[in-house]
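Once you scroll down, you'll see the structures, which are given as structure tokens.
Next, two complexes with subunit A in common: one pairs it with subunit B, the other with subunit C.
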Partner chain A sequence: MNVRSQVAMVFHLDKCIGCHTCSIACKNIWTDRPGTEYMWWNNVETKPGTGFPTQWEDQEKYSGGWEVRDGKLQLKSTSKEKTVFNIFHNPHMPTMDDYYEPWTYDYQHLFDAPEGPDQPTARPISMVTGELIQIQAGPNWDDDLGGSPVYAQNDPNLKGLTPDQQQQLFAVERLVFFYFPRICNHCLNPACVAACPSGALYKRGEDGIVLVDQNRCRGWRACVAACPYKKMFYNWNTGKSEKCILCFPRLETGQAPACFHSCVGRIRYLGNVLYDASRIEEVAKLPDEQLVEGHRSLILDPHDPEVIYEARKNGIHDSVIETAQRSPVYQFVKVWKIALPPHIEYRTMPMLFYVPPMAPVMANRDAGAVNGVSGDLFHDIEQSRVPMKFLANLFGAGHEAKVRYALRKQKAVRWYRRALTVGDVEMSVAERMLREADSSPEEAEAIYRLTSLCTFEDRFVIPPMHREEAIQMLEDPLAHKQSVGFGFTTGPRRGM
Partner chain B sequence: MTSTHYLDQFLFAILPYMVLITFLPVTIQRYRARGFTYSSLSSQFLENQQHFWSLVPFHYGILVITAGHIAAFFLPQQLLAWNAKPVRLYVLEISALIFAILSLVGLCAALVRRFTTSKVRRVTTTRDWILFGLLAVQIASGIGVAIFHPWGSSWFAATLTPYLWSLVRLNPNLAAVSAMPWLVKFHIVNAYLVIGYFPFTRLVHVLVIPNPYLWRKPQVVRWYRRPAEAAPKA
Partner chain C sequence: MARRKRRGSLFLGRKKISRPLCVITYVLLAAGAGRAQEAADFFRQNCVSCHTVGGGRLTGPDLKNVTARKDREWLIEFLQSPQAMMDKGDPYALKLQQEARGVVMPTISGMSKERAQALLAMLDAESKLPKSQFAGMQISDRPFTAYDVAQGAAIFRGDRGLANGGPACLSCHTVKSVSEFGGGRLGPDLTRVYERLQGRKNMAAWLFAPATPTMSSVFRQHALKPEEILPLVAFFEDAARRGGQDESAARLNFFLLGLGGAILGLVAMDAAWKRRFRNVRRALVESARRRER
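Moving on to the complex of A and B:
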């Protein structure tokens, strides 16, 4: 056992209202510089939809992630040998056209326009070339367009759905969509790190945050191609790759990342988990149907004395073990098992988990009453508007069992709370549903509290990063007294 | 002493040291103090199609040609021995010419791409244009030498390698180089200019080719609190 700590995340999709506040918070802090305008380290996608960059989940096009070839875990996009030959031109590199050309508007024209018969307009200008452009697409071009033949119908997750199920997604008056906010997953087996020819990408040992060393990045672009979630971005201005840094300067001072902090729907949870680093490769090689369970098994019980002993032996501070014990992520992922990793079949072992959405499921009943309890209490989950297979493609590597489990439990919790607060459901029925969903009134109460009544302190259990100790090992604080900080003393600019 | 003599003295005995005096300290200092500026500055993200057809031939061409020049510098005897049989000489010269043409065609295509694609033009600086000009002139004059003064792989090894080594020994011997045709002299002087300009341009990316990738482990973990060697690798 090789115990490490990782800052992990849960996004509760049932609560996401698709307001994009997270995206804006991130953009304003990190990606409003020249060369980064097109980047959305945090973005919110509409599902079904094509996403950002367009159809990023189509790995036949983008070749991201890992695959098991000849019994070995290998990157789809590159290998040691291929890196030598593809260094001049990366065959799997997406271009700006796959994202969008960022633009602003010629506002000055509103002031400078000569007098004329028409009102002056502010025409769009490319933020790359500064020339007037015709806007072709934007980062949220498919926003709310569930049912669209252009976007929703081209969602790569529709693969494997029967024609009937696909039809159902697009039938008028039965259109359905939900939101899928995405940031870097800070994976346990990051493809970007493994692809970087320069060794500029790394995972921080203490908290697992994946970062790019900007001084070592040489712009070989292999990471952009390798990341299956397309959360590596190439800064065309500085010639360096950039990515979500999980707002580590905020985390180190005990604050939640900006996208978490600003989340209106309070869908985001953050806390560290202890995991067994010695089993990552073994788990990443499991067959598709065992991946979700295998991934979950990497996360260790922070109350287990043996785990605590091994954690201490690995230099994990007691305060970090203590936050792991209170981590909301541990509850959602390991105890309740209702949060699932996105596209685990990419085998990067993402550490961002999603509670699959219920809302469109509950709205499915077209015969009116929602409380029409029948013998099969879960039948409307099976007949939901969002086919189970679609959610399974997103959160279960195509296998429905884990998604079904998560949805059944969530539904049971709802009915239990309904029995308590509204009273139009028999408590005996609700309790039977809980039993059948592998839950209990106590657990339902805990899920309810962490889902609906959660405060900042419940949602964000930020481990102390102890960076002050770390800095002391590298630099003499006294020598830097009254100076302006450590590290970077030059601004990032293109070339010399 | 004629004025030509003084010019040769300057171009072939003083200029090489001048460019070296720029090249070495600037390159090292830039790496140490401004590591951020070392990048391939790739524009593939902005344009993908022409990128393949220009950058791939250019790089393979220029790499082979550069390797040939380096081989002639370090292994003149072996090169002459290889060239002793005319067939082998022809094979070497023709393949060198093919790679040179490949790199020139690639560079021209890259220049056209940079000029015609507005997004790529946007990320091209004056310094880039000067560099591309120098490189184009260098490759074109090299091809000129290969055509008008053939069998360079032999006469380079026999005459210019001793000249270059005399520079290394800090005792320049200009006898051979002074007798060279003007096109060869031009090629040499332009090479010195490229070397002198090198540390100020994007060319520095050739110094950071990612060779450790071939033997490092896939995952990289950096620890603050543990020494790097003690850190277990994922």
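Moving on to the complex of A and C:
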């Protein structure tokens, strides 16, 4: 056993309202520098939809993540041999069109426009060429199912849905969608770190945050191709790659990351977990249907005396073990098992987990007539508007069992709370449902409290970073904001 | 005469004349002999590709007894700048040009009045000899055999090294029949050089002492041997007879070959990297538009 600590996250999708406040908070702090205009370290996608960059989940095209080849875990995008041939031209790079051409507006035109019959408008200007452009796409172009025939219908997660299920989704096409906020998953087995020819990427030992050393990065962009979540970005101005840093300067001072802090729906939870680093490879090689359970098994019980003993042996501070015991992430992922990793089939072992959305049926359409079904708010989860297979493609490597388990437990909690507070449901029925969903009234109460009544301190259990024990003290990034990027007294530059 | 006189004085010097005088005489003698030798060298380097002394006409006329045919003053002036004489419309000069089928004698660098005089003196002396050293390459008149041509090709390609260590022709020149990809393109194409130089005699003379600045500087120290010249002439004669396509057709072929090769290369690369990443979003938009239509 090789016990380490990792700052892990849970996003509760049933609470996300898709307001993009998190994206804006992140943008304002980190990616408002030249060269980062197109980056969205945090973005919110609509599902079904193709996301940012377009169809990033289609690894046939983007070749991100890992695959098991000849019994070995290997990167899809590159290898030692391929690196030699592709070092000057990486064939799997997203194009600017797949992200979007960043733009601003010519606000001055509002003041300078000559007098005319119409109100002047602020015309869009490309932030790449500086010329007036016709906007073709944006980072959330398919927001709220915008442009469905192009985007939503080409969601890679629709693969494997039966024609019936497809029809079910498309029949209510304009009625069902949910939001899928994404940041870097700070994976246990990061493909970006493995792909870097310069060794510039690393996973921070004390909290598992994956970072790019801006002094060592040579801009080969192998990480951009290797990351299956496409959360590595290339800064054209500095010639280096950049990524979400999980606001480590904020974490180190006990604050939640900006996107977590600003979340309006309070969907985000953060806390550290203890995991067994010696079993990562073994788990990452499991067949698809065992991946979710295998991934979960990596996370160790922080109350187990043996785990505590091994953690102390590895230099993990007692205060960090203590926060791991209070971690909301441990509750969601390991105890209640209702939070699931996104696209675990990429085998990077992401440490950001999602509570899948219930999306109850509010109305359905039958032969052109729309029928309200609010009377049956707590329908069988199999009738959920989002087909189970679709959610399984997102959160269960295509296998429905784990997703069904999570949804059933959530539904049982709702029935239980309904019985308690409204009383139009028999408590005996609710308790039976809880039993069927492998739960108990006590657990239901705990889930309810952490979902609905959670305070700031409940959601963010930030481990003390003990920077005094870390090898390297970084500069205060806020002191250099907008001048040098982050963390260094001189800005990253192109070239050696 | 002069030489014998000097020799005599040297003889006397041993007996009677003082030592300093003897040294001066020796130096004068050496200088005289040296001047004659220098003129001969100059002639060999600059003139023998077009002229002989008693060997018959090449591109230029045979120079045996040239001083008897025309007065010295005229010859010296002509030697210094032949083109100027033509431009002046000198009738004899124009006649010479006509005889040389339009070829104008090039202006030789370093042709001073003194050097012209020395050359004429040297030519006088050579004309009196029964066989001048500049009688020209005596290349046999026998018909060329296939063996000669093969040997010539081997020399041209450099398969057979040149005896005096000169570089192979192929390194700068090409001949249509030599190989599919031709030879060097630094120097001129030699496919029709045999016709250009009008026959084996001129060709042999030219090869014996190449006159152009580049060739002469390369081959001055590494002259071709007569037994190498004959096969080479045979090879050039054969090449000229075979001819081959003219320059513009060859250029077009080269261009088409390059274009075809490039297209083939692109197709091969497209096949090799078939699974490379292509634009995703635009393809979706376009296919949706197609479906609408």
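Annotations for the structure displayed:
Simple rule for what comes next: the second predicted complex is superposed on the first by the 444 of 496 C-alpha atoms of A that agree within 3 Å, B and C clash if a C-alpha of one lies under 4 Å from a C-alpha of the other, contacts with A are read in each partner's own complex, and residues count from 1 in each chain.
Please note the rule applied: a residue touches a chain if its C-beta (ideal position, glycine included) is under 8 Å from a C-beta of that chain, and two chains touch if they have at least 3 such contacts.
Worth saying up front: this structure is predicted, and the values here are computed from it rather than measured.
After superposition onto subunit A, the modelled positions of subunit B and subunit C are compatible, with room for both.
By the touch criterion stated above, A:416 is placed in contact with neither subunit B nor subunit C. Contacts of A:55 after superposition on the shared chain: subunit C is touched, whereas subunit B is not. When the shared chain is aligned, subunit C comes close enough to touch A:151, but subunit B does not.
By the touch criterion stated above, A:137 is placed in contact with subunit C alone, subunit B being left untouched.
Once the two complexes are overlaid on the shared chain, A:95 sits against subunit B and subunit C alike. More subunit A residues lie in contact with B than with the other chain of the pair subunit B and subunit C. In the superposed model, A:238 makes contact with subunit B only, not with subunit C.
In the superposed pair of complexes, A:330 makes contact with neither subunit B nor subunit C. In the superposed model, A:353 makes contact with neither subunit B nor subunit C. Of all C-alpha pairs linking subunit B and subunit C after the chain A fit, the shortest spans 5 Å.
Touched by subunit B in one complex and by subunit C in the other are residues 93-95 of subunit A. Residues 50, 53-55, 58, 61-63, 91-95, 97-98, 137, 149-151, 154 of subunit A are the ones touching subunit C in the complex. Within the complex, the subunit C residues that touch subunit A are 273, 276-282, 284-285, 288, 291-292. Listing the residues of subunit B that touch subunit A in their complex gives 30, 33-48, 51-52, 55-56, 59-60, 118-119, 121-123, 125, 127, 200-202, 204-205, 208-210, 212-214, 216, 218-226, 231-232, 234. Those residues of subunit A that touch subunit B in the shared complex are 2, 80, 83-84, 87-90, 93-96, 101, 126, 128-131, 188-190, 193-194, 196-199, 201-206, 214-221, 224, 234, 236-240, 277-278, 280-281, 315, 466-467, 469-471, 473-474, 490, 492-496.
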